[in-house]
Amino acid sequence: MRRILVINSNTSAAATQRIADVLQRHTTVGTQVTVVNPSKGPQGIDTLLDIAISGLESARLVAAHHDEYDAFVIACSADPGLDIARQVTDKPVVGICEAAVLMACTLGATFAIVAQRKVDIRRIREQVARYGLTGRLASVPSIDLATAELLQDVDRLYQRLLLAAHQAVEVDLAEVVILAGSVMAGFEEQLRDDVEVPVLSGTVCALKLVEGLIDLGVRTSKVYKYAPMKKLDRLQGYPGFQDVYSR
Amino acid sequence: MRRILVINSNTSAAATQRIADVLQRHTTVGTQVTVVNPSKGPQGIDTLLDIAISGLESARLVAAHHDEYDAFVIACSADPGLDIARQVTDKPVVGICEAAVLMACTLGATFAIVAQRKVDIRRIREQVARYGLTGRLASVPSIDLATAELLQDVDRLYQRLLLAAHQAVEVDLAEVVILAGSVMAGFEEQLRDDVEVPVLSGTVCALKLVEGLIDLGVRTSKVYKYAPMKKLDRLQGYPGFQDVYSR
Amino acid sequence: MRRILVINSNTSAAATQRIADVLQRHTTVGTQVTVVNPSKGPQGIDTLLDIAISGLESARLVAAHHDEYDAFVIACSADPGLDIARQVTDKPVVGICEAAVLMACTLGATFAIVAQRKVDIRRIREQVARYGLTGRLASVPSIDLATAELLQDVDRLYQRLLLAAHQAVEVDLAEVVILAGSVMAGFEEQLRDDVEVPVLSGTVCALKLVEGLIDLGVRTSKVYKYAPMKKLDRLQGYPGFQDVYSR
Amino acid sequence: MRRILVINSNTSAAATQRIADVLQRHTTVGTQVTVVNPSKGPQGIDTLLDIAISGLESARLVAAHHDEYDAFVIACSADPGLDIARQVTDKPVVGICEAAVLMACTLGATFAIVAQRKVDIRRIREQVARYGLTGRLASVPSIDLATAELLQDVDRLYQRLLLAAHQAVEVDLAEVVILAGSVMAGFEEQLRDDVEVPVLSGTVCALKLVEGLIDLGVRTSKVYKYAPMKKLDRLQGYPGFQDVYSR
Amino acid sequence: MRRILVINSNTSAAATQRIADVLQRHTTVGTQVTVVNPSKGPQGIDTLLDIAISGLESARLVAAHHDEYDAFVIACSADPGLDIARQVTDKPVVGICEAAVLMACTLGATFAIVAQRKVDIRRIREQVARYGLTGRLASVPSIDLATAELLQDVDRLYQRLLLAAHQAVEVDLAEVVILAGSVMAGFEEQLRDDVEVPVLSGTVCALKLVEGLIDLGVRTSKVYKYAPMKKLDRLQGYPGFQDVYSR
Amino acid sequence: MRRILVINSNTSAAATQRIADVLQRHTTVGTQVTVVNPSKGPQGIDTLLDIAISGLESARLVAAHHDEYDAFVIACSADPGLDIARQVTDKPVVGICEAAVLMACTLGATFAIVAQRKVDIRRIREQVARYGLTGRLASVPSIDLATAELLQDVDRLYQRLLLAAHQAVEVDLAEVVILAGSVMAGFEEQLRDDVEVPVLSGTVCALKLVEGLIDLGVRTSKVYKYAPMKKLDRLQGYPGFQDVYSR
């Protein structure tokens, strides 16, 4: 049995439930998925500060439960805390945006990632650059909707997604469209039918990728970037992380 | 039931059997793997000409069997015919080197790919560049053994692998080591224990990646690079491909 | 006397004749040009499969005639089989797109390559990337015409070329325009007068480049990428290549 | 009067004092420097987790004091929290590694950054990549000493620095050497005399750079990446940041 | 006292006066700025030939006065002669475009540089590439005005600047706008208020950067690129440079 | 008849004669080569200042003789004044290093350029980057000899060349070796036989490349980078260039 902990990085229980619903439809025999969210941090992840805090909280959840699961998914399109989580455990950890771009590479020459707002475009470009895949990124079209607006009017949301995907394919020559964020999840099939290219949900991609990593029996490399360190330092004021340094 | 056709791109039945043996140990419930090889082409894939011919033959196998399987794996470290195969079918096709580099990205900041001979190094670098992942490639150490030599003396082979992996990790700062070719398969665990970084076999990574792609229910993008074309052209002298253009 | 074999990579005798006509107008004293085409393969080169097959057939022609000529030109804008041909002989081999981009580098800071169809754009970008010249590529405007349409209505073709070149120069800041394919050959001078930038035909550039290489007395490097290999392998089913491995 | 808050990102009062001592020797008339450290977080910054926590704590100090100062310096070679701090205030914020690489660009064609340990090398390369300056980075030589060892034996430290700088200049062709971390501060002049290239201390570079930015009267761009956001979200459990979202 | 020589690279005394006026408003206590221009060379710097000649003349001024000043500024947006000047003296030399792009890196994720004419765009892109900062460059919008036109109609100039800056921010997602040339100086504040991003004048940035470099007490690296050479060569016909080679 | 002016950029008549001797052995029927040198500037081109001055003088020779020739070669490995010369005339101008790297691209996957001294390495790397071909550059090995030493002891020179070429091929995996400078010319054949890879002399490559460009009937693009400009400016003190601006 593969035991996977999926961490919704924000503190919204409603969002956690939506993720759990999406994943339930894609869970294979032999996989047990648990979806949780931190008790501290922002309700919606909109800014660099939100990403930093929810990243730390996501990694804290990994540290707290690292014995109970075989792999971890960070379920926020900014992949907050992904690098820290890989230091905290040697079990596989995958981010949903990361999973989507890796999967997309097998389905088309280039991909586009739909951004929620114009202010996110540069951040997403930098994120793809960190993954080393700028050469495969066609564009980052934006639907220009705040999270609150997104959920209020589903028809408008879909029209914006359609417009963004259409521009990405027709103008920017994207061959695959990625809906990285969990708030956009659920529109993949309709959008795929309308724009006639593969449309990927990061959340489901991540689930499938960690299933594969668990089956492979591999662990995160601890030799350099994700090296743990035994040290006597007190992490003053950040309970839940101390034992990371004494393992 | 996921039906996967794994194509050993050379014409050696012994190599095909070795691949089947490796995969048998990693096949999940719900997956049925068939391993085949073309009847035409080189027995071992050593040069650009070998790659071109075995690529065409691999794609021809995909075309011949495309209705009978849900996804295809090209099981040669040069990923021959990968792009052609993606034109020939819209079902997922993955190369074993491609699969290994994508999986490696989730396990460490950089990876090294062990080359069989010094003459292969540049070709492998160009291959990684085509996948857009040069920024994650630490090095391409070579074990400098011809295929025939490789199989004659397993101890020498392992000593060379150990040397290459050690240099990649210590000098080139690789965090993950990839044994792309099927002739090197089977040493992953011993090498992982000796050099203390994840060691990936391309063949098994590819199996796991296509399992995930089948579960996702996705198809290769046909909008640009892999667009099929209806045309009346005769592909004179290349039976097995004609109907590709009339679908 | 420089003896040059120009290979039209498709199987259309009419296209071969058009190339011969273009080259006749540019042949210098001391150069003897022979234009041929393979007997197998596609009549028009439109897809990755077409490129793979015609590349193999072009290389087979090089292998068959490698004693009779001093240098070889692959006369198709996708430069099919260029790398294989360089393995098969040590005499200079040049592709027409390759020749055009190298020549263009001496005439302007950037160049544009006119694509026949939108689906070709990504492939051309990847081709320029393989040559290492992405930094000099301004854009790949498309005229969106199938080969059949192209030849039917010359006026429409020219209007499309003019539009594509104009956009490349005015919007994408291209300083040189390349008409890589032989089907577009013959419009260079008119287009140059209309858009007032140099317009290059790949076919003629390649002729001039191999003349220079023959005069230099150089041979293709055989040390790594294009290393030939003595081996006993049978290339089953691919007559015309066997002796490559016993030279 | 320019009022500058320098934040030692770790919780070691001794380190804070060393930074204050270094800066005192370089403070210009018209500049008032205050050096502080967070009360929470690690005593020494060694890992990705340390960087994340001390980054958040550094940004929290910026938020707490943003009305009292004209500019801020993050005084840790990993520049923790730099991006978050730029979201939290619109007054100039500079990291000491960032300042050193920017200054180095005016003094030589390439620079090397001395790393404390081998495990830091990749992280530093990624940091320089984020600043967009990989093309100017000659190498990241390591002195392979833990912080505790560093301070115990000053002679050994200097010999290691000399060796690292020498290799960077002679082998990797670095033209400028950067001692990013504050633990290495104080050796710049001796090292410059011994290796005969400019040697920069990040801490002092940052001081000089923010003095210039204050004089210029400029503010951080708030249009995209560092956009603040008015929102009602509760940042549960992270006091000191809430009012960031209501400004 | 910091003694700074600012070199207007063209031969227009009026332009020299404008630069002096701008700098006067930004000179700090402790800094003495002298602005000069060469007696030979073009009145306005418009072409590659102009840049080459004024670069040589600017470097000749540095050579002539190198004992009298602590640092030098090349005050022309093409930074003519910057590299030569760094060979001629070991005191800090900074170009105004260079200074602006380095400063901009601390204020936003990307910057745009406003070009005077469309023909300058490629040259500016190549200049930024030489500084290694292409990854931070959002765009190079042009105002399409000759120097003479620029000065005749200030309202039109401002409208063009506003249009260019607006496009850079809204379409190209620039976060900082750079007015590199001294002819555009003086509009920074108005433009910043209108487009609501930081707007930098290269001239003032350069002044602040060299003040910092003087305070740091650093010298240009002489180990490789800027190595001086003792030699007996006569630089026939170029008085003012001979003693460079005998120092 | 193709009339080609080859400009030795330094003022040494002996060097000019050596270039003429080399070219005489490679001149084709139908080509008339004239080799000249400027009367002003350095006798040997060693530094950035030398390059700037000899570049201006080379361009001045192009301007003076631009009606009498069909194409121009800048015969110094630093390609001084190449860009200016392309502004001064619309007839083809090629640099010898530029020609060698373009020709090398057709003969192997990568090339190395032998540098005279270690201080030249970075400059050569930047030059190749300007041509956009960094991805094809394997290394820049140095023979560490001043021009005077080079000519004194031919055996030592050859031993150093052999060592440099050997390292480039064996360690850096270069497939082609370039002897860019005219002082190294004449050793190509011996070195090719000893290291068994193609060895190119820039001078001869440039001759062959401009012959091809003349035959093509093409002119340098004048639309952006090399745009000439009609203007009334006096280029004070630089006779020979004024009429460039009134053409």
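Letters are used for the chains, namely A, B, C, D, E and F, taken in the order the chains are written, and counting of residues starts over at 1 for each.
The working rule: contacts are C-beta pairs under 8 Å (C-beta built on N, C-alpha and C of every residue); 3 or more make two chains touch, one makes a residue touch a chain.
The model shown is predicted, which means the values in this text are computed figures rather than measured ones.
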From the options C-E, A-C or E-F, the pair that copies A-D, where over half of the contact pairs coincide: E-F
Chain at maximum distance from chain A, centres defined as averaged CA atoms: F
Chain whose average C-alpha position is farthest from chain E's own: B
Centre-of-Cα separation between chain B and chain A, whole angstrom: 27
Centroid distance [mean C-alpha coordinates] between chain E and chain A, Å: 44
Chain A and chain F, separation of their C-alpha mean positions in angstrom: 52
Sequence positions of chain D contacting 2 or more other chains: 109, 118, 121-122, 126, 129, 135, 173, 175, 223-226
Pairwise chain contacts under the document criterion: A-B, A-C, A-D, A-E, B-C, B-D, B-F, C-E, C-F, D-E, D-F, E-F
Contact set on chain F toward chain B in their complex: 109-110, 135, 173, 175
List of chain B residues in touch with chain F within their complex: 118, 121-122, 126, 129
Chain B residues within the chain C interface of the complex: 11, 39-44, 46-50, 52-53, 55-56, 59, 81, 83-84, 86-88, 118-119, 121-123, 126, 129-130, 223-229, 231, 233-238, 241, 244
Chain F-touching residues of chain C, taken from the complex the two chains share: 26, 28-30, 92-94, 98-99, 102-103, 105-109, 131-136, 169, 173, 175-176, 196-198, 200, 204-205, 208-209, 211-213, 215-216, 218-226
